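Structure, as structure tokens:
Chain nomenclature is as follows: A, B and C, assigned in order of appearance, with residue numbering initiated at 1 for each chain independently.
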Amino acid sequence: MNSKHIQLIGVTKNFGKNTVVNNISFEIADNEFFVLLGPSGCGKSTTLRMIAGLEDISEGKIISNGVDITEEDPKDRNMAFVFQNYALYPHMDVRKNLSYSLKLKKVEKSKINQKIEWVSNLLKINELLDRKPSQLSGGQRQRVALGRSLVREPNAFLLDEPLSNLDAQLRVEMRQELTLLQKDLSKTFIYVTHDQVEAMTMASRICIMNHGEVLQIGKPQEVYDKPNSIFVAKFLANPVNNILKSKIIKKDDSLWIESLNIFINNQNLNNLSEIYFSIRPENLKLNNHDQSYNFEVKIIQIENHGHELLISAQLEFDKQVIYFRTTKDKSFMIGEKIKLYFHIKDLLFFDMITERIIT
Amino acid sequence: MSKIHFYDRRFGYLFVSPAVIILSIVILAPITIAIITSFYDYTLINRTLDSFVGLRNYFESVSNEKFIHSAIVTIVFVILVVLFEFIIGFLIAILLNQVERFRNIYYFILLIPLLINPIVVGLIWRMFLHPQLGILNYLISLVGIDPINWLGDPQNAFITIIFVDIWHQVSFMIILLLAGLASIPEEPYEAARVDGANAFQQFRDITLPYMRPVIIITLLIRLIFALKTYDLIYIMTKGGPGDATDLISYYIYRSAFIGLDLGQAASMSVILLLIVCLIIYPLFKFMNRADE
Amino acid sequence: MRTIFSYLIITLTFFSFNANSVTLRAVMENVPDTKFIQELLPEFTEKTGIEVEFEVMGYGEMHPKLVPSLTASTGSYDFMPVDFYWVGEFDKAGWMMPLDDMIAKDGFDTSVYFDSLMDLTGRVGDTTYMLPFYNYAMGLTVRKDLIDDAANQASFKSQFGMDLKIPTKWDEYLKQVEFFTDKDSGFYGVVNQGGKADPIAMEWSNYLFARGGAFHDQNWNGLLNSSNAVDALNDYISMINNYGPLGAESFSFDEAFNVAAQGNAYSYLTYNWFLGSYNDPEQSSVVGKMALIPVPGEGGLNGAWGWSIPKSSPNPEAAWEFLKWVESPDIAKRRAEMGGAATRKDVFDDPDLNAKFEHYPGLKNLLATSKNFPVFTYTPQFVEVMGTELSKAVIGEQDAKTALMNMNNQLEELAEKDGKR
């Protein structure tokens, strides 16, 4: 395992009476692509800004490479920050934007030119050097913002939703470029986003936050397959996850899941009368390939997404709505009744009160 | 031009025409009359346009040493007043921009001097500055300073009216500069902090470039108004002592209404107008360049 | 919207009903004499049915307000007070209506006015254009209580070898000023109104006359470079710098008055009507202590306003009614009773008023001996010139001789321009 690069210990941020980040602790290893993921207002940007030193910390410590940097100025932390709105200096041309930090450090001119050349080749912004930010497109500005941070050759890159202002096509391109870039540079990237697609595709580990707290940290596939709470299960979904309720009734030695009308054996559920359960739409199949469980639904809506169909249906028992996906060659009728099949391992249970997973 | 375009434009012109007509009448007509008057021997006792004298009034004005003196006094006054109001106003605007609580209260208090009629400002300050009975000399006597002859000594008087003008007008600068400052986005500053810029460098590399158009407009407007300063002199010093504070507006006024020579006064006004235009033109060009 | 509409209706109705009643308008100066008339106006309206509206303002605003109205064919003002400054200008421009016919027709007696005042704001040449309204001859106000004080009398006698009494000679006055000045305790022998242009010009004219000097001869040759004039200016400079309070170089008359009224000065050369203000407890803390005497020496500066009817008056007949009323013996006496500065000899001879005002005989004497300022078209301009040159001398930018030479030259230039010489 790589050495710890950045540690947050008990970090809290209060704005007056409002606690925006509540006692979070985690570690980021060297060269990780660490993604902070969560809905707006969950505290992820604030956390990033505290790491950068743009916000003061109300309580707790931040350690980088073994050094406590909690009280350090942003410029002394050896980290670069890429802003959501790029924050380029509008009255300087691209060249000056890139070289500003170096000029402040009084780096000699030849070295500055060297770095600018390196960065512009890397990011392919050579033709843009004499332009002002107002003469650049969104994607170009994004590159210049990246370039500005690259030029400083910091130990860590902090990126605050850098792609959220770009159109969908550009976002896909930039996702790939950023991932490649990080691998090339072999540097730690801490990346904040609300877009779970970005998180899933780019992260080495995802840290999901909500209401100022860390809910789960793990590799993308882990967190996807084994969410530890309903929130994570719902949030990491493309486009949607099924989370439904059901009563559980003990019958002989088994437990009867009332809404699905199936019997299962699971000691952890023995003492419960009601639970949340979840099964991802892609895990509901139309055919029985050694899946042992099934239930009946009535189709209520068919959405054609071009590459596949997303179908919503009602459970026979209590009419709760459930989604499943299928290929576009199938045709169904609204009101049609069909059977859906699934693997027991794909069925997750969550506690009614704590909303946490029941393993 | 398509038909819709044509009707659109015509509608636009119609909309604008009342304002343009009124402005032309109220502004252009008097200026034109003044210019015409300046070429005649036109006095208040003999108000007829029957003696055309060409540029004689102008030659007389320019060779009139009192007029020249007034011009110089005015220029020095304007430069000092605008400079100090700008510096002080900018400082206060920067401070005010960082305040969160009670900002509106500070703003309102700072605004009050500007709202007071200049005549009233002059009268109030005359009272405050009375060498024996005024509150200012009383206050400084409490800290052991001798009474100051604020308006009776020529150098003091000049500095005093500058000071009163600053008191009166600095909030004009504050309003405009504060509006400019408030519109600067926060993020370039954060990027600069990360890049390692200190407060002065941030001011020089981010604040000033952003503020350039606002600064130029503010200076321009204040400059033009400062050139016209009249009320303060009329109330506080009548141009004295001696002619230490004889600003050009006051001089022209006296030529017209006491000297009764409107033609002469008109020529001086036209000269003043030309000077103002000369100042505006390069600043205007400078500002347009800043917009790119 | 409703309120505006109803207001409009009411105003129109009012005007239609009052088609026959006239409202006279005039610009008036913000001085006690105006207030006294304002108190009596309701009687005039009752008697004649004519309304009178005053626009009261400071001296400096009156001339600019009047001129546009005078140059119009029909102006905004029906009658006007004319300061002696403006008489030359108004006469040259032909703005005043001759009153001789109206005077003859109604048998108005103008012989009751002091000759000097009729010369100043009554007649121009052989035509009567105005009726003298109030005078502002200048006199010296001194602290009588300090003169009467025995300790002061003893001390003065031992220092200067003469009695301390009401000064009648100029030198005597200068010595008293020196005697009473004690700058450390904040008491000054004199407070001057050295402000440009009007205050210093008016005040210094008294110094010139007191020393026996004059502005010009009958042919308008300037006499300001005489030795009397130089002495008078040096006196003035010395007063301000040695015996007066700080800042007197910029005082207008109310600032100077306040210094005296707050008890900080022995003397103040000023307009005679200020006596009333000295005795008003709301304005002064030296009530009853100030005496008004003629300027010691050979006479002080006369000053007056006259009533005139502009040629552009919308209602000249009604205006003449007002003039007759306000200058009628009865009203003139009542104005004087309230404290007004009368212009008529019969007022000063009235036993009741003499009983009430003990300074009346002195004041009559003052008016009889007052001298006039040069009156011609460019009087205001000359006042400006005097203001600048005197002010420069007082602050030390030029010496007295140079200042007077400049003044003299410009007086002659302006007189030439006016066709006087």
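Convention: contacts are C-beta pairs under 8 Å (C-beta built on N, C-alpha and C of every residue); 3 or more make two chains touch, one makes a residue touch a chain.
It should be emphasised that the depicted structure is a prediction, and the values quoted were computed from it without experimental measurement.
Contact topology of the protein chains: linear, an open path with no closing contact. When every chain is represented by the mean of its C-alpha atoms, the one lying closest to the mean of all protein C-alpha atoms is B.
When C-beta pairs in contact are tallied for every pair of chains, the largest tally goes to B-C. In terms of their C-alpha centroids, the spacing between chain A and chain C amounts to 90 Å.
Work out the mean CA point of chain B and of chain C, and you get 36 Å between them. As a whole-number value, the distance joining the C-alpha centres of chain A and chain B reads 57 Å. The multi-chain contact residues of chain C, meaning those touching 2 or more other chains, do not exist; every residue touches at most one other chain.
Interface residues of chain B facing chain A in the complex, by the touch rule stated above, are 185, 187-188, 190-197, 201, 205-206, 209-210. Within the complex formed with chain B, the chain C residues making contact are 60, 63-64, 67, 71, 89, 92-93, 186, 194-197, 245-251, 255, 258-259, 262, 264, 377-378, 380-381, 384, 387-388, 391-392, 394-395, 397. Those residues of chain A that touch chain B in the complex are listed here as 52-54, 73-75, 79-81, 83, 85, 87-92, 100-101, 104-105, 148, 152. Looking at the complex, you find that chain B touches chain C at residues 44-47, 126, 130-133, 147-154, 157, 234, 237-243, 254, 257-260.
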